[in-house]
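As structure tokens, here come the structures.
Look for subunit A in each of the two complexes below; its partner is subunit B in the first and subunit C in the second.
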Partner chain A sequence: MLANQIGHYSLILGLLISILLCGVSIKDFNNTNKQINQNILSLSFLQLVFVIVSFLSLIISFINSDFSNETVFNNSHTTKPLFYKISGTWGNHEGSLLLWLLVLTLFIFLFLIKSREQPKKYRILTLLFQQIIIIGFFLFVLMTSNPFNYLFPIPSEGLGLNPILQDPALAIHPPILYLGYVGTSIIFSSSLAAVAQNYVNKEWGKHIKKWVLVSWIFLTIGIMLGSIWAYYELGWGGFWFWDPVENVSLMPWLTLTALLHCIVVLERRAALTSWVIILSITTFTLSMCGTFLVRSGILNSVHTFANDPARGIFILIFLFALIVLSVGIFFIFHKENNKSSNDFFWLSRETSILINNWFMMYFLSVVLIGTVYPIFLDVISSEKISVGPPFYQKLIVPFLIPFLLFMSLGPRLKWIKSKIENKNSLIITFVISVILTFLIIKNLTTDLLFYTILISAAFFLFFTTLKELFIKKFNNISQTISHFGFSLLILSILFNSILSSEIITNIKIGERYDYNKGEIFFKNIEERKESNFKSIIASFEIKNKNGKTIELNPEIRIYNQPVIITSEADIKTTLLEDKFLVMNLVKGNEYFNIRYQIKPFMVWIWISVLLLSLGGLMSLFKRKI
Partner chain B sequence: MKNKFSLFIVVIFLSFCFVILYKGLNTTNNYTPKTNEKKNIPSFKTRDFYSNNYVNSDKIFEENIFYIVNIWASWCVPCRAEHPLLMQLSKNQSIKLIGLNYRDNFNNAKKFIDDFGNPYSKILIDKDGTLGVEFGAYGVPETFLIDKDKNIIKKFVGPINQEIVNEIKLIIK
Partner chain C sequence: MYGKKVKLRLVFLALILASVILTVFLVLQSLKDNVVYFQSPSEIKSLIELNKKKIRVGGMVKEQSIFINSDKVNFIITDFKNEINVVYSGAVPNLFAEGKGVVAEGFLKDKNYFTATKILAKHDENYMPPEVKEAIGDN
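Moving on to the complex of A and B:
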């Protein structure tokens, strides 16, 4: 109750500080002092503190199950384990927006501390732009989605947290994803400031690269955690469904990846300035767009939480205000650097990075069109269409072939002007890749030619980066590791999809089921009671052809608040494959429906994404040369 | 000059997007039934909800009567709203309802049916949502009216209401 009040007033105070900060910074802008006014730093810190207090208050309300708070009432229950009471804080619309605010204020504070060597006016402008975003979100939270709404009479029990959100991966998925998602706001603000100050040059490139890297790393890991959750919890047996909400997290990732590569050109040659600015603006716009699409209920998706048109309209207007502001600033202030610096020799590192960008933009347009086109079509012609995974796969997968080939060759080129070295060894590597692929998959798939080329391209990248890791003198190990991770990712995804197999059957306790590669034995079931659910745990013995047995214990959980039945898959993970068993009740209760899947190289998908981010992390901490 | 022109283009484009999204916000929840749909039902093979055996589409629509294919899921809130109307329709002798359980968890779906009643003469499983796509479905719920010649004659996007039920009753008379 008290926490509720404190949280609410902290939010209002935080908003007031924003306004105060704007005033102080505008006054300080024309001041001749070299350094920015110390008050700005203190105020920014104070703002962060208020948001933290507000966030902690909400967490405390959740821990105490204070149902006088509407958000707690809607999303918690006294029997929830403590861990999920806490993670429930950001598992809902209001709390997750508070998290947005927390990251926004945290990042601008860190930015102010970390940018002391940058020009003063640039820093102040960045702060101002960031404060505009922050004010927008404060107003959004206070006006349409206040997490501290008061309920009277106080309900004695809450409605409970959706059981599919009660999962460790999902508990940390939003904070990590948001650090990346919202982190792009700093790139947006500072690029606008840099344009306004005509400061888009090598120094700015070096300085902003760190922020790009930080956002990119968090975004990458955040997306991966969401994907892990989908794999373990939703029980669909896959890790990416081209769901609109997955797509909106992928879109900023694509532009951010493109930006990351362009920044490298910028910090060396002061070229591609307009493009870097456009990418920075687009990335944050896409993040905001994602928030709009998810929060307004305009899309139908498993992730849709809130269906309140008032919220949608607010974010939509705010989003377009930001776009208009940034486009205006770009057109008024941006001066194209002299043309010659954008002329690249056709065979050079710069050109290869541009090619990377073209591909990224292509992938982005596919995902963007697939996600928003149904909305546009619906409004214009009231025709409803559904865009499913085949659309994305057909348009993206074939283009991975040239993308992978360019990715293998590009990093070997030198800046400015280059020629391809070691042609022979490259050709040999390529031939080996093709032969290897052909030998591996010749009996596995019907579409032999296509997969041979695709997997060969992935193997080619795999071998070239692997060779680089061992033979070259570690000149750019972070990049090599990331690219190596990417090749591993594509390989694991491809082999996973080609080699997966599945058995679906109905089975009784004590029964055996023979399939062509082994035998499934349903031993028994056991019932267990936990604080917030009852569970039925089955034990299965699965024997494969070589007589090796493993035991799997899938579970059916019956949650009490709200009453929802979930199936918890049991997954045995080894380096080579995942064995995935999920069961469901069948009418009459005597039979159980089981789905047994063998998913090869599943764990390598996660490992390769980690490698990809490790590359980014190493680049972040690399000593400056 | 060139700069002003591109600014103009950008502004036009942005205004267009804004208007569309703004309208989209207001229209998504008001589904409009689309009429004059005349299309053969796709032939497909999928699993039966209860027995989990494969069934063929020509086996499902073999009687010489009207059929309704209703796409539903236990997680879909509008499906709950239209369910009593489906129950009402199912009492009609000259029509059979086929449920297509879309991207659902078996237990939740079963609980849904146990709680609200079963209007369907047969429930089929569309685990990954591909069957819905074959039907040309946009989301859940969606209802297709199929005539005796196995043509889809009407498609109703979104939850059906009393008006639509009356319309259907009129057609099948």
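Moving on to the complex of A and C:
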């Protein structure tokens, strides 16, 4: 109760501080002092504190199961384990927006501390732009999605959290994803400030690169956590479904990755300035669009929370205003500042980065159209369609071939004007990749030619980066590790999809099911009662051709509140493959529906994403080491 | 005749334009082949000719219509005006149950029989796919 009040008023105070901050900043803007007014820093800190207090209050309400709070009532239950009471704070619309605010205020405060070397006017302008976003979100939270709404009479029990959200990976997924997602706001604000101050140059590139890296690392890991969750919790046995909500997080990742590469060009050669700004604006806009699509309920997806048109309209108007503002600033203030920057030789590092960007933009267009087209068609013709994985695969997979080849060659090129060195060694590596691929996959797939080319390209990148890691002295180890991680990712995904096998059948207790490679024996089931769910644990014995048996224990959980049945897959992970068994109950039937899958190299998909992010992390700390 | 800078810009512009045209072409081409349309049982009944392409059918699973044997799941999807028999062999989602909303993806055998290749149910029992909601109207 008290926590509720504190939380609510903290939010209002935070909003007031925003307005105060804007006032103080504007006043300080033309002041001749070299450093910014100390009050600005204090106010920004205070704002962060108020948002933290508000966030903590909500957590406390959740821990205490304070059902006088509407958000807690809608999303919690007394029998829920403590860990999920806490993670339930951001596992809903209102709480996740509070998390947005928290990240927004945290990042601007960190920015102010970390940018002391930068010009004062640029810092103040960044703060102002960030405050515009912050004010927008404060208003959004307070007007349409207040997490501290009162309920009276106070219910004695809550409605509970959707059990599929009660999972460790998904508990930490939103905060990490948001650090990346919302982190792009600082890139947006700072690039607008840089444009207005005509400060888009090498120094700015060097300084903003860190922020791009931070967002990129969190976004990458956040997306991965979501995939891991989808893999074991949804029981579909895959990790990427081209679900609209997944796409929504992939889109800013693509532009952010493009931006990361361009920033390097800006940092070295002061070129591509307009493009860097456009990418910065686009990335944040895509993050906002994602929020709009997910929160407005326009998207039809497994992830969408309860929705409300008023929220959608608010974000849409706000988004529109931000786009108008940023495009306006870009056209009014932006000047191409350097004519030498336009000298591009066809064979150089810059060109290779431009090619990288071309691919990123292409992938982005495919994902964007695939995600938005069904909505568009529904509005204009009320025809309902869905765009499934084949659409994306057909348009993206073939383009991975040149993409991987350019990725192997690009980093070996020099700036400005280059020639390809060590041609022979590259050719040898390439030939080895092709032969190796052919030998490995000749019996595996019918589409031999296509997969040979595709996997060879991935192996080529794999070997060239691996060689660099072992033989060469490290001139750019972070980049090599990231690229190596990417080649490993593509290889694991490809082999995973070629070699996966599955058996789906309906089976009774005590029955045996023979398949061409072994036998599945459904031994028995055991019922157990936990505090907030009842579980049915099955035990299956799976025998392969050589007579080796393993036991798998998938589980069906029937949650009390809300009454939801979930399946918990049992997964045995080894370095070579995952054995995945999930069981489903069909009410009123003695048959259980089971799905047994062998998924090779699954763990390598996660490891390679970690390597990819590790590269980013090393780049972030490079100068300090 | 023109400066190097102008020439370079023209090359860039041409490349960008070509890429955009290529992308749009590829996307439209692929959309044509890979889009799955959604139809309700009533819409299927009123079809004049059968489409051989993959479609989605949505509605409610009719009460007491699920029959399971060792390799198949049979059930009926209804929109309370018309219904269609579904034959399916594959994994069923957790929330697949009688009296609940369902979307089945697959191929029409004729106007009364549908062979499903995938069953989609959402992960919240209060949630009903908008298509299904529309298909069964207000009742």
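Of note:
We take it that the second predicted complex is superposed on the first by the 612 of 625 C-alpha atoms of A that agree within 3 Å, B and C clash if a C-alpha of one lies under 4 Å from a C-alpha of the other, contacts with A are read in each partner's own complex, and residues count from 1 in each chain.
To be clear about the criterion, a contact is a pair of C-beta atoms (placed from the backbone, for glycine too) under 8 Å apart; a residue touches a chain by one contact, two chains touch by 3 or more.
Note that the structure is a prediction, hence the values are computed from the model and not measured.
In the superposed model, A:V324 makes contact with subunit B only, not with subunit C.
When the shared chain is aligned, no partner comes close enough to touch A:N546: not subunit B, not subunit C.
Applying the stated contact rule after C-alpha superposition, one finds that A:N593 touches each of subunit B and subunit C.
Residue contacts after overlaying the shared chain place A:G312 against subunit B, while subunit C stays out of touching range.
Of the two partner chains, subunit C is the only one that A:L395 touches; subunit B does not reach it.
Of the two partner chains, subunit C is the only one that A:I507 touches; subunit B does not reach it. In the overlay built on the shared chain, the residue A:S386 is in contact with subunit B and with subunit C. In the superposed model, A:Y362 lies in contact with subunit C only, and not with subunit B. When both complexes are overlaid on chain A, the residue A:I375 reaches subunit B alone and has no touch with subunit C.
Shared contact residues of subunit A, touching subunit B in one structure and subunit C in the other: 235, 300, 302, 383-386, 388, 390, 504-506, 556, 563-567, 584-587, 593. By the touch criterion stated above, subunit A contacts subunit B in their complex at residues 235-236, 292, 296-298, 300, 302, 307, 309, 312-313, 316, 320, 323-324, 327, 331, 374-376, 378-380, 382-386, 388, 390, 504-506, 556, 563-567, 584-587, 593.
Interface residues of subunit C facing subunit A in the complex, by the touch rule stated above, are 4-5, 8-9, 19, 23, 26-27, 30-31, 33-38, 56, 66, 68-73, 89-98, 122-126, 129-131, 134. Contact residues of subunit B toward subunit A in the complex are 3, 6-7, 10-11, 14, 18, 20-29, 32, 34, 47, 50, 52, 75, 103, 105-108, 110-111, 127-130, 132-133, 136-140, 157.
The touching residues of subunit A, counted against subunit C in their complex, run 162, 164, 234-235, 300, 302, 339, 342-344, 358, 361-362, 365-366, 369, 373, 383-388, 390-391, 394-395, 504-507, 511, 513, 556, 562-567, 582, 584-589, 591, 593-595.
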